[in-house]
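Structures incoming, each one as structure tokens.
Each of the next two complexes has subunit A plus one more chain, namely subunit B in the first and subunit C in the second.
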Partner chain A sequence: MIQLGIFISLLIVGFLFGRIAEKRHFKSIVARELASNSLVAVASRFPPENENYEQHLVVGNVVVASDYFKSAMASLINFFGGRVTPFESLLDRARREAILRMKHEASLLDAKFVFNVKLETSRIATGQVGAVEVVAYGTALTKPAMHVEAISS
Partner chain B sequence: MLVTNLEILPGHKIVRHVGLVQGSSVRSKHVGRDIMASLKNIFGGELQGYTELLQESREEATKRMMLQAESIGANAVLNVRYSTSSIAAGAAEIFVYGSAVELDI
Partner chain C sequence: MEFENRQPQEGINTVRENPLLVFFKLLVGAIIIIVVLVIILQFSGSWIAKKVPFRYELALMEKVDMEFGTTDNSAELEAYLNELGVRVAQALSLPETMSVQVHYDSSEVFNAYATIGGNLLFYKGLLKKMPNENTLAMVMAHEIAHVMHRDPIAGLGGGVASMVALMVLTGQSGTGAAGNVLNQTGMLTSTQFTRKMEEAADKAALAAMVNLYGHTNGANTLFELMENVAGDSAVPNWLERFAATHPLSADRAESVVLQSIENNWPTDGVLTALPENYSLWLRGNL
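Moving on, here comes the complex of A and B:
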């Protein structure tokens, strides 16, 4: 009885906090995506050749954990089969966050573009903790600094 | 040292291919962090401790790769890739590799 009580209260806590956290996160993601739209990040492997750019590797990563409710829902869905929507939204959030962090690093370098963006997902912290890491990396193209141009010309 | 995941640097030629260089780093966080992470697993959200851990680990792996490239006389590493694998509970290996070249910079 006590165990059932603990399970149900964990479910409720996970549902409420997870919901709030996810809503807040999506809101902030959408706002920051709009703000960073001017910096173009593409998966093309070939940089523009008509202008001189410096290249810098930029990386963004995030580790997100699922909440208790999501995990319980996922194991329930796993029983019947079908789309595991609780985890789909989790991974979507993680990927977009990783790209935003990568873009943030690029914007600190005053980059014009990010080329060859790669995304990688890995499950970390096996055992008690269920969490995924998403890393986004790419090459930021920046205009060379003025004094560098003066020296080379 | 130029580190990039593109294959060319427009306007510059590759003088010499030096070879494949790599760096890796295996790290884990102290138990306190792991306990915090399992608590966070009830509420959901970002595990900042692990995010930082993997970020530092990735920086270290990249640094090791750059050192290796430097020691064999390269001045750039092109086509860099990262890869992550969880090798034990609470520990992850970050691996980074790329081709070391000599550019006419």
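Moving on, here comes the complex of A and C:
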């Protein structure tokens, strides 16, 4: 009985706090994406050839933890099979956040573009603690003169 | 070439659904599957196990060479318990192909149990609380009835089958919280079977008491003692009734009265005293 009580309490706490955190995060992600869409980050490996650019590696990295409710629901889905929807939103947040952080680094360099954007995912937690790391990296292209200005300022 | 970053459309990589509703559906579905599976496996496992001849149980226990209880200073007590066991077995009409062996353990545990091979183990904690032979005979008859009904091997067969299935299934859903809940569901379902066994053993034991002493006086004392030992529980009765491996002591006492009335068995009668040296035998094992 005590076990069941603890389980239900943790589920409620996990659900409430997890949902609040997720809603806030998505809201922040959308706002920052809208603000940073002007800095183009694409997967293409072929930048415009008509101008000279300096190249810089830019990296965005994020670790997002699953909450108790998501983990419990995922283990139940594992029982039946199918889309692990609680983790889909977790990964969507992580992916978008990593790209935003990468873009943030690129914007600090006053980059015009980020090319060859790649994403990598890895599970960094074991046992009952579920957390995922997403790394976004790419090549930021800056104009040589502007780059010098950016550093000197 | 022109490049642009458009705002991604929401709802492609994520699904808009009510997670609580989905969770509830999944949990109920999983619980139903576990309950049905455990019921099937308990039935089939115990049915197959009961087909194993009793002599195989004896042969298995011989091979395992398992020691029961404590043997120091308990020869007289064990002899008495075995002699009572023979009388109770006759009163129960235990088939000739079956036999019981009573062992004694000097631990202060209020318990007695029957296991495979017709082995019964009585703990000192229970024996020293016995006020008369009738009450002790009720315990003995209950345990021998388990042997007669092949409950130990049936419990082992059904239990092993459902445990393996639960381990495989809940292993699939990880060692996490949901896995634990499903495991508990399986265990709770199993307890429903053991309770049925306990009720059947109580019925047979009470009939044996009448055969042995001509009345059922003293049988209820056992359940009163059990209730005292268990003490008051904070858990409501209906829940305790559902979750316990044994029926509630109060329910068992009531069954004794009802069964006695149904069969016109006298509930009053002279109680048989325990042997004179009974308490000395127990003290000898302090």
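Methods note: the second predicted complex is superposed on the first by the 144 of 153 C-alpha atoms of A that agree within 3 Å, B and C clash if a C-alpha of one lies under 4 Å from a C-alpha of the other, contacts with A are read in each partner's own complex, and residues count from 1 in each chain.
The criterion applied here is as follows: a contact is a pair of C-beta atoms (placed from the backbone, for glycine too) under 8 Å apart; a residue touches a chain by one contact, two chains touch by 3 or more.
This one's a predicted model, so the numbers in the text were calculated from it and none came from an experiment.
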Partner chain in contact with A:48 - subunit B first, subunit C second, else both or neither: both
Answer with first, second, both or neither: which of subunit B and subunit C does A:113 touch in the superposed model? second
Between subunit B and subunit C, whom does A:13 touch in the aligned arrangement: first, second, both, or neither? first
Taking the superposition on A as described, I'd like to know which of subunit B and subunit C A:73 touches: first, second, both or neither. second
Touching A:122, do we find subunit B (first), subunit C (second), both, or neither? first
Looking at the overlay, what does A:33 touch: subunit B (first), subunit C (second), both, or neither? second
On the A-aligned overlay, A:87 touches which partner chain: subunit B = first, subunit C = second, or both, or neither? neither
Across the two complexes, find the residues of subunit A that touch subunit B and also touch subunit C. 10, 46, 48, 68, 71, 127-128
Could you pull out which subunit B residues touch subunit A in their complex? 2-11, 34, 37-38, 40-48, 50-51, 54-55, 58, 62, 80-86, 89-90, 92
Within their complex, subunit C touches subunit A through residues 1, 3-8, 10, 13-15, 17, 19-20, 22-23, 26-27, 29-30, 169, 172-182, 184, 235, 239, 243
Taking the complex as given, what residues does subunit A use to touch subunit C? 1, 3-4, 7, 10-11, 15, 19, 30, 33-34, 36-42, 44, 46, 48, 68-69, 71-73, 75-80, 83, 85-86, 88-89, 91-92, 96, 113, 127-128
If you look only at subunit A, which of its residues touch subunit B in the complex? 10, 13-14, 17-18, 21-22, 25, 45-49, 52-53, 55-57, 59, 61-68, 70-71, 97, 115-116, 118, 120, 122-131, 133, 135, 137-139
